[in-house]
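See the structures that follow.
Okay, so subunit A shows up in both of these, paired with subunit B first and subunit C after.
This part shows the complex of A and B:
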């Protein structure tokens, strides 16, 4: 399977839209694989049911209120959109900068980017009680509303990722088209993150959001968490013999990760310094940020710093950076740190409202949590199925160092996607 | 639910005041048809109209000059800026804007005793759900010596304390309303007379307007709003407001028909004045010319249409 130009059809492979779908691998899959799929289906179904509860009973099924205008869905939107970026950056570096060591990751990276953007967008929709009114978004968009830009960018980016995946898998257009797609995809990815950051940063009504550093910090957080998740997924898929990677590839990835993590932390420290420096400090800003440093919101924010520093420290040492356990631990810690960061960012707009009223920390309701878990499960379900039936392995002729070609998927092991926190 | 009857079934002639037209549904229908037939044309046209309006807001305002020498008068500039910049051209008429009015309010915080009578009157007048958990007007109990919102108390028990001062905040009907700029679907806009309105049948419930508003003036109906049948104001929507954002409308159903707002009417100390800035003899116009006034979060350049005295 998985060749761009299959000459002899293999049993179980069905060709559709020029892709060789390895349906046979599903039939041969182990009970463990199917029990994992079954669990994901159940979680997804629970999420759908929770959404039905919101649609039928209204918004009060969620814990969001006037003082906490947005909640779980928005933290998730930022988180997933960010995770989607890392893959794109790695994929783009193959074609733009000749980072050949990342080529075996390219299909996986684009698949993950597409799926993550999909669940990010669906998360937005589940927040709307009258979701069908979304058509006004298309009919009468408001050009001064940043939501219009980030929403359309996310939609376009998702489609772009899936088209790109199709191009990579089918080999249509060859290296030239893949390169050209990168030229489109990378700016769109940056545009998506910029507009997502602008959803926060362009509000003078919310002091802690209204910072220009929000855009670069979104980009670095996105790339760091995305690369970390990609690294974890690469290890998992290697463990289950779906894909194989060289140790040097992981080392390169870990070095890239360490670089982005320290940049990300640096930008955060810059922002904190601006808020507290006596000549810059504004009473409202300082008071609000103190809620996150020493107040009730510290449990959300301090882990961002602590986990971030630990993750960087683990990857900083040249002698230990190549150890898989170190790489996986650091990556998982940083994905978790970025989740806390997104959750904190969401809270930063609401901890003290526009009229100065302090709000208790928001904790999502059961319905919101089930929707969030359901969406994540759906993403993981599609991922689990895709790694089984899609030819994600980059063929030898595309990458001379890809290693021996084996149909390892037939072992039928479940594929998990750890490191994604809820 | 029994109390939220559809608008079309209301006995319009019997309940609506003179000049009131409930044409939102007609508007929606026409937009729907237009969108269906010439969808490709509507969006660019709307976009172009808005951007053109935004660019020419001050230069080509359709409003007539307030007074001779308007350009030198800062108040006139504010009024001019409060023009049709954000007016998408498809108003939902509670009543036709009467003409040249530019509604504004002045609140004397020295006179305000924090009794919240304005809040209660507003709730009754505007069909605010008794179960909705919000009011359009929020009265803050302030510490003396400063305008420090962070130390203000919203849910105070005792009004009229001599060691505090009271600060009513509501929708400011800004000349540059961030909520209007932030609404992704143009479900809220500024009317020619300065009132910022919401189309409850169009609001998608994304709550971005609540994010963008620096005054905490917008509120979301997380539940279907309920009002006892005997207390329903037939001139104001109720059922349509479920799962949409709402806020102060300067009592558009009253003020466009010659009445003042419910809060002004209810204030026992006369701390609130409402009127037309374009009328030099109105309370607000006289107050703005003769008193030292200030506005909340003036540094945000939203140009609120509520001034404070005191």
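This part shows the complex of A and C:
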């Protein structure tokens, strides 16, 4: 893997921590780019103000109450951690399995994984209300609480992603180090997603969470939504000439997405069938699940099935699967479906409490909604700036080196300097 | 050496007044304890002394008989008819004079102090009776074992909660500082109704949004809208021109 030093001195490029930051691209950015950045800054600021409200007035600014102790933040945590998986799958497939068609995506994928894990963790912090209590979480962890494992795993994974991105961008250590980083990152990612699913699955008093299929279904949903988001971002960046990809790359990504979506839907149907199977159904279990099939929570759960089936149907046909509009639509639908799924998953533990009390559906308060939107905007803001100033294009020589390393055959992408005007 | 004024003037309690106080205290204590002792000696819902160990009156032991077949050392004189057990909730198993007893108890000609498990094996009546409940109440048994039902009591019946013959009657321990075996009360109605969730808890209080925050949100959203128009406006205008 070669260093990404500019061959000729270019104005506006600053070298810091061995990375060529194309600061000049920001100066040359169009007014529309800055309008977009401004919108994200405003929403991020509103999110910060909402957090200030929580810090000053306490938890009563949130709609979370005794009987609905987790809310928007937890749904978002699961959602973002899951989305981060897509990046790793693509990145790992390049370095471990020689999927060279995904190599142009590797830097983008790792960047997204790091940012998504970051906003997932920040959501946790906002829920703590007195955020300085995180000190005690670190100093005196309760090792019997699964949150210790998922929280620390998310923190480690985030750092790992950013270190990985630095290695990819600078070329330090070459292909060999990138390969070794993948060997570390892949088990950590699986550990992160498993422990996140365990947060739910190990609650034996919450029947709909207490399922062994929770971990595999969590992993498939994570990979499906992550790949779908990556596909959307790749199309957006290609549209604005930030990155360029081959059509074959999108075809491979869409095929991978269709495979994971059907696996994810299959596991979900298996779970539903287990609950309602006549000879195995338990009264309390079916009654709880019926809240999500026909009850007041159906508006959260049914979109998971409907959007999921539509997304798969769009990608199922070999002819339609390779049409960009179809790919983008299916990806967007499935990302949305997985958001509903995470929100529903959060609600499933609380819809009927352990004492059998039915709860009204949880709707986030204004403060919670703005914190969630603010965090998302912050992630998008960092992403918008990063794609402008970071060298996310994979240079041609990297492909050649990868070929020499006999991981896969080099594809030969054209070298284009980063920071093309958006 | 003279005594201090305070000790010198303190009246020495007389023997009679001390006795009177003791009698009053004893009477008061007896009045308070009386209901508890009544509960101790009182009848369970079945009309019998509740949770009274059967084996104290029926020390039936199995002894080897001719041909190696075990038989009870002292068979019950009246079979299962010696007790007038009321099966108020467990009457679904049959009447008390029919084979209802045999659903759980071993044959009277053998040892009714033994209870039947789902696989046909017998356990002692002083053993883990919740295994007997498991035969029909599988889901509840699992909840009980997990601690989500029964608050981690050691047993479903006797020292636990339910009267085994009329499980809709619940056992309550004695209120401290009194000791005893507690009392029973009817915890579940007679009518059989399917599982129904409890009434929803009271509505949570509304969330708080400071005025300054609402103003900031309004201003922020207006600015956001302005930038959005700036971003997509030219595109929309261009498309309209086409």
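In this section, the second predicted complex is superposed on the first by the 393 of 422 C-alpha atoms of A that agree within 3 Å, B and C clash if a C-alpha of one lies under 4 Å from a C-alpha of the other, contacts with A are read in each partner's own complex, and residues count from 1 in each chain.
The rule we apply is simple: a contact is a pair of C-beta atoms (placed from the backbone, for glycine too) under 8 Å apart; a residue touches a chain by one contact, two chains touch by 3 or more.
Just so it is clear, the model here is predicted, and its values are computed rather than measured.
Colleague: For the overlay on subunit A, clash or fit between subunit B and subunit C?
Modeller: clash
Colleague: Just subunit B (first), just subunit C (second), both, or neither: which does A:50 touch?
Modeller: A:50 sits against subunit C, while subunit B stays out of touch.
Colleague: Once the shared chain is lined up, is A:129 touching subunit B (first), subunit C (second), both, or neither of them?
Modeller: first
Colleague: Tell me the contact category for A:38 with respect to subunit B and subunit C: first, second, both or neither.
Modeller: second
Colleague: Going by the contact rule set out at the top, does A:170 touch subunit B (first), subunit C (second), both, or neither?
Modeller: neither
Colleague: Just checking: does A:65 make contact with subunit B only, subunit C only, both, or neither of them? Give me first, second, both or neither.
Modeller: both
Colleague: Is A:139 in contact with subunit B, with subunit C, with both, or with neither (first, second, both, neither)?
Modeller: first
Colleague: Is A:204 touching the first partner subunit B, the second partner subunit C, both, or neither of them?
Modeller: The answer is both, since A:204 touches subunit B and subunit C.
Colleague: Give one of first, second, both or neither to describe whether A:349 is in contact with subunit B, with subunit C, with both, or with none.
Modeller: Touch partner of A:349: subunit B, not subunit C.
Colleague: Which partner chains sit in contact with A:148 here, subunit B, subunit C, both or neither? Use first/second/both/neither.
Modeller: first
Colleague: Subunit B has the stretches 148-156, 184-192, 202-210 or 238-246; which one runs into subunit C?
Modeller: Stretch 148-156 of subunit B has C-alpha atoms clashing with subunit C.
Colleague: Which residues would you name on subunit A as touching subunit B in one complex and subunit C in the other?
Modeller: 60, 62, 65-66, 204-205, 283-284, 287, 352, 354-358
Colleague: Per the contact definition, I'd like the list of subunit B residues that touch subunit A in the complex.
Modeller: 31, 35, 39, 42-43, 46-47, 50-51, 54, 88, 133-134, 138, 140, 148-152, 154, 169, 178, 181-187, 202-208, 210-216, 219-224, 242-243, 300
Colleague: Help me check something: in the complex, which residues belonging to subunit C touch subunit A?
Modeller: These residues of subunit C touch subunit A: 139, 146, 148, 194-201, 203-205, 207-210, 213, 216-217, 220-221, 223-224, 227-228, 230-231, 234.
Colleague: Looking at the complex, which residues from subunit A come into contact with subunit C?
Modeller: 31-32, 35-36, 38-39, 42-43, 45-46, 49-50, 53, 56-57, 60-63, 65-67, 204-205, 282-284, 287, 352, 354-360, 365-367, 370
Colleague: Residue numbers of subunit A touching subunit B in their complex, please.
Modeller: Those in contact with subunit B are residues 58-60, 62, 64-66, 69-70, 127-130, 133-134, 136-148, 151, 199, 203-206, 283-284, 287, 349, 352-358.
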